[in-house]
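Take a look at the structures listed below.
Each of the next two complexes has subunit A plus one other chain: subunit B in the first, subunit C in the second.
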Partner chain A sequence: MASSGNPTPGQQVRQAVVIGGNRIPFARSGGAYTYSSNQDMLTAALDGLVARFGLQGERIGAVAAGAVLKHSRDFNLTREVVLGSALSAHTPAYDVQQACATGLEAVVGIANKIKLGMIESGIAGGVDSASDAPIAVSEGFRRVLLDLSRAKTTSQKLKALSKLRPSDLAPNAPGTGEPRTGLSMGEHQALTTAHWEITRQAQDELALASHKNLANAYERGFFDDLMTPYRGLTRDSNLRADTSLEKLAKLKPVFGKNLGDNATMTAGNSTPLTDGASTVLLGSEDYALQHDLPMLANIVDAEAAAVDFVHGGEGLLMAPVYAVPRMLERNGLTFDDFDYFEIHEAFAGTVLSSIKAWENDDFCRTRLGLDGALGSIDRTKLNVNGSSLAAGHPFAATGGRIVASLAKTLHEKGTGRGLVSVCAAGGQGVVAILEAR
Partner chain B sequence: MKTVDLTEIPALPKLYVSAVGTAARQKLSGNRGSSALPEVRHSVKGASVDVGRLTAFQNVLRMPVKDDLPSGFVHAFAFPVAMSVMAREDFPLPLLGMVHLRNTVEHLAPIDFRQSLDILAWAENLRGHRAGTQVDMIVEVSSNAELLWRGNSTYLAKGVFLPGIDEVTARDKEQFEPPAPTARWRLGAGIGREYAQVSGDFNPIHLTALSAKVLGMRQQIAHGMYMASRIVQEATPPGVDAFAWEISFEAPVYLPANLGVAIDENLDDGQWHGTTFSAWNEKSRRRHFHGSISPRS
Partner chain C sequence: MADTYLNLVNTGITKEIAKKLGLPRPSVLRRFDPSKPLVPGPVLLLGNGESVTTLSETMLAWNLDVRRHATPGQKLGAIVIAWDTLTAPGELSETALAVGSALKDLLPGGRVVTVSRPATDSDAPETAAVRQSVDGFVRSVAHEMRGGSTANGILLGEAADAGSTGLIATLRFLLSGRSAYVSGQFIEVSNDAGELPTDWNKPLDGKVAVVTGAARGIGAAIAKVLQRDGAQLIVVDVPQAGEQLAKVANKLHGTALQLDITAQDAGKRILEHALSRYGRLDIVVHNAGITRDKLLANMDEAKWNSVLAVNIESQLRMNRELLDSGKFGHNGRIVSLASTSGIAGNRGQSNYAASKAGVMGMVRATAPAIGSLGGSINAVAPGFIETDMTAKIPFLTRQLARRVSSLQQGGLPLDVAETVSFLASDAAAGVNGEVVRVCGQNMVGA
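For the complex of A and B:
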């Protein structure tokens, strides 16, 4: 319990429950969804959710979703998706953007509205396309075009045009580089991976477990009520059920190559660029009961954190390491109180660095302000149905994938808790607690 | 009626070329054949939709890229089978220069692009028109013996009057007052070329000003089925699985053009009872098309 004695989000308000989820299979970029836009994919995922839970023509309290790579024409992406879906056109919607934490933050926002009694039902989601990425004109060209549109006389127009330089004609494609450091996410993680001395073998083992767990989940039909086929795809196209440590060991490092022999991050233990969309249906208990809908799990609490990676003080993707102990303390919980851990596999190194940090006495004392190590995570409880290394990672869609899968896993077990941890660009992270029903 | 099995959906350009040959031969022999429609149905079994072509169609029509086939796509996909009937030597009207007057379609169930489709097409109801002779081309699309889509496209052979088919006297044209627009379509000069790419209908009247002029048009004109596909998509409420629609084409749309569009939805007690639509030229105020969509259970 927090020292201030304030009510915790998990206790003093009504419950927000996960009713179910639906996503489309994730596709490696340049694959099955190359010519599908963010709007198309999110509509497909949402229509599948609507069909699964009989929401045709229903007015939902709110739909919150977002995309990380977004075209300027998609300023109202989620509302446009709702208008193109089978939901009632009277359903309001808003866009959320918190880099790779977008999907989880959308879930948290909708859950909070439900907890406070503002809405009875809500849908959270996310989508991203690395294939159909926006390309913008350069800054110089953009200024010339804007000046040109304001120019009235021919001489003003010529003057505006005269400012155009040949180099302005090169387009700006989005990258995964951090604006303040110029380093890509992979290069940032390579620094963290090396700092925590995470071995190549450990990373490859985590990647292998992700593929095996995801393949097993498909085999036993776990995704049958969590997924709608799209564009002929029925499984995540990045999944390699037959991969092995030998195959993974053959891949060449792609990040941190300046580290020489210490370069450990390959295409096998880093997530690929991916296209896909996910949605989660949430509601109050009353809503679920009145509509005869399942209740899989409660959204108990969530916490966001941010770190200063710009000045080298902390690794770019380490913010969840800070968020988790704060959330656990507020809820009076330890790692022992959890049955499942869903730690988003941006890179195998991210997951392993986080786990190692929580096990480190010195780090937990000096950085997290704890009395000692936070604790260890039992690997058999980690990402039991596979995670982003196998499924792929369409940035904003990952939160919805994790929440829906974890809620179903908890419901199947019938008791217990699950911890979600998602890192994000800008040195941010969002974590959450789910509880079985 | 006899059924002719085709091994695949014929390609439209080939049909146009063979129609030119047929027209030339008939001109030389001075023989236009009979006043009767061929007693034959053309059939293609097990046709499959290429998902890339579907996506391109959805992109050009600004439709959401969904796995279910848009009603207009089914027409574009299946209609070449009807065209192959019209291109037959014993078809009494010349294929080239036919004017598309009207479409009525029953879309009976969602059609997923992975379904294997059987197509059946024939001609019926040869009859007079004040400007020539008209005929209905029927196309049925089914899967596993379940009828999913049925279209009736009425075509006019302008200036062709067949013996034994009565001429119809002209009716007074009804006055059209544009209603308040609910949308505006800006159709670029290249929209005919874009739609030709995804529909396979490369009729020169749609492509460029020059190719249209060769065929006696002032400029290139928009495909009727571009407008039908787009308006049906925009005006059908999302989530409606079974519906019927009809559209009548009036003045051709010379490109580029700005169209005023009005969609009027009949909602009663929150239930959808149907939608009417019309589109007109914003400058000349001439109506280009009008029609309706209604629910089917």
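For the complex of A and C:
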């Protein structure tokens, strides 16, 4: 046992291994899953996982999942999903919510429980529907309704109703705006993209690579044991295998339009609103061995970070940039120790800004407290099976997609490590290290 | 899917009307039900072949009421005929006529089963003649059966005899409700191999089985019956059918393997999945198949090639991989789905019939190799089966296709599955290289 105060995670505790994953194809909002609820989609993804690994009737240690856009009635979403699935009804479940990092944080939570010996098996997941989003009544209408329910006499009831104004009847639809800035995520990223001088061409090239890599992955059957079709959809509906730089170049900017000629972010190099769900099966080594299940990768470590995007002069989606060096240092690793990088493509600009920041001596010294640049990322190791620009991004489902795909990729290679980086609303980010088995 | 006509002529006022009008009245078949007796009444055992002792002792051990002489008016559940030592046609008459007078007393869902030897080139002409006569006799009796009863024959090959396990297993299959839609057929027991199950209701206990094309229809039914009979299931279908496949796997407590069987390494991946998850593979059911019907004059390369690739070439490749692996074959059982189209041909199905006839050729030619390892390979040829696929056939054609069989109805996916499960059992190991039709003695494809 290490005597220093800074033990390396994984040395003192047992391994948590990724056994496999299952997701449903991701659908562009308003498409194949328009009338599917979060519960429907997560149940489908979970039942596909159960079918793949023969977990019917089994009591799993814990199921953790969540959704970003969530109806208030879904307060116990994951437990309800378990009850409607083929798993044993004796499987406990809890909801997680950390914006776009929900899925990855769910993986980390389950992995930690396994590492500490609290559970033998666990399932992490996430789901989101931008199509079946909750719509709330206005604040004014809500207060009237609550007052009305408390009113006892007819006159009290009439008094409560009299406060209702026509404008109160307009519903509140959820937006992607940051509560503290009022700016949408895209507008925030546009500022960061411009700050790091990321060109339109670089963003379009990243988007193109995402589509090509995802299409290739489908072609070679990579997703045959990672995905179960749903509602007639057999592939991510956002995938454009035939897209090209020329086609991407024709798209008009949709974010940062006030930047004039510097507006570079289009519908092609930004993720669309998407519906979908994903799950990952994790277990201890003993669990996998006893159940004759595969072991694809270890969950080595994870780190969360947050930035002050409101007053601190940092970009909304730049938190992973801070999380990665802290995690690498703790594990004594550098970028050279990694074979694959999975950097969630919220926007092409997010990935490219992060990479550029890590390559920047001054930034790394002043902001990250390093001696110099953290390092460069070999593009041939980046998002090798496509990422969110091609697959789409059902917020909470992205973490599970990445972890399962990366674990399989590492297992196919047989050796090496993979780095996961997911940015999230509220200036947050979660990153993780996986190691091949 | 539902055969409305069959329901109408078997229930209520419409049953009486159909009777008065003399309409064909297909019966509700006697299907397997573990809570019901093996046969619905006493068994009349006729004939004087060597097998008579085995047959008698076997059926008495099953607690059947076995009688050597008919009592007029006494209802019968089955008639079993030991004809395995016939040497000349003259020997048929007494027993054949005795069968005839006993038929009137056969209960609905009754069975006629003969045990005889196949005619071969080395037989004396008289012997060959009488052995072949049994064939014509059984097929004709099958046409004359009423009330959902069937007539089938068991052939004892040169290497089999009255004591062969396969005889006992096949007799039980043909007497039981499992063979409800099998009529006018012969199943040859070619050798002594096989082991009787400790529990006849769990003949596949402890076995691990793979069923391809298991997401729906006949494949899903096969998976369900194999699981009912005790096997653990790996269900396989193309990734596109994954949603349905997962439902089947979850219902049967099996595992879903999304796989295109035309992939070069399909056999390897199936074996790898079975060995890593279950430590063994005992049964492979090649059920996956497609149709791309067109008159030959209008057939294009894609339609021809895809049908051949899925229905026969993939099976050949997977069998080779399985047998070469050294990890399948000892007591390994392969059951392939053929089709009556492959026997009689079918307009618009030159590609499909070629592929399914190919399956039959493959099964016969693979039998010696797998047999030498202690395994077996057989084919099941379904006739008109009520599935989503046949539900798309135009109404009148569909009605006709149903009524032109001796049982005057289409079969169910379950009926095909029952025969597959029988051939997948160790008790049936002596049946090797056979094609068993599950067609209700359909006159199309005869």
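In this text, the second predicted complex is superposed on the first by the 431 of 437 C-alpha atoms of A that agree within 3 Å, B and C clash if a C-alpha of one lies under 4 Å from a C-alpha of the other, contacts with A are read in each partner's own complex, and residues count from 1 in each chain.
Methods note: contacts are C-beta pairs under 8 Å (C-beta built on N, C-alpha and C of every residue); 3 or more make two chains touch, one makes a residue touch a chain.
A quick note: this is a predicted structure, and the numbers were derived from the prediction, not measured.
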Superposed partners subunit B and subunit C on subunit A - clash or fit: clash
Which of subunit B and subunit C A:224 touches, first, second, both or neither: second
Touched partner set for A:52, first subunit B, second subunit C, both or neither: second
Touched partner set for A:134, first subunit B, second subunit C, both or neither: neither
Which superposed partner A:44 touches (first subunit B, second subunit C, both, neither): both
Touched partner set for A:35, first subunit B, second subunit C, both or neither: first
Touched partner set for A:272, first subunit B, second subunit C, both or neither: neither
First (subunit B), second (subunit C), both or neither touched by A:177: neither
Which superposed partner A:234 touches (first subunit B, second subunit C, both, neither): second
Partner chain in contact with A:84 - subunit B first, subunit C second, else both or neither: first
Clash-bearing segment of subunit C, relative to subunit B, as chosen among 147-155, 273-281 or 381-389: 381-389
Overlap of the subunit B and subunit C footprints on subunit A, listed as residue numbers: 44, 47, 50, 56-57, 86, 229-231
Touching residues on subunit C, where the partner in the complex is subunit A: 239-243, 245-247, 249-250, 253-260, 263, 276-279
Touching residues (chain side subunit B, partner subunit A) in the complex: 51-52, 55-56, 58-59, 64-67, 113-114, 238-239, 270
Residue ranges of subunit A in contact with subunit C within the complex: 44, 47-48, 50-54, 56-57, 86, 221, 223-225, 227-231, 234, 292-294
Interfacial residue positions of subunit A with respect to subunit B in the complex: 35-37, 39-41, 43-44, 47, 50, 56-57, 83-87, 89, 229-232
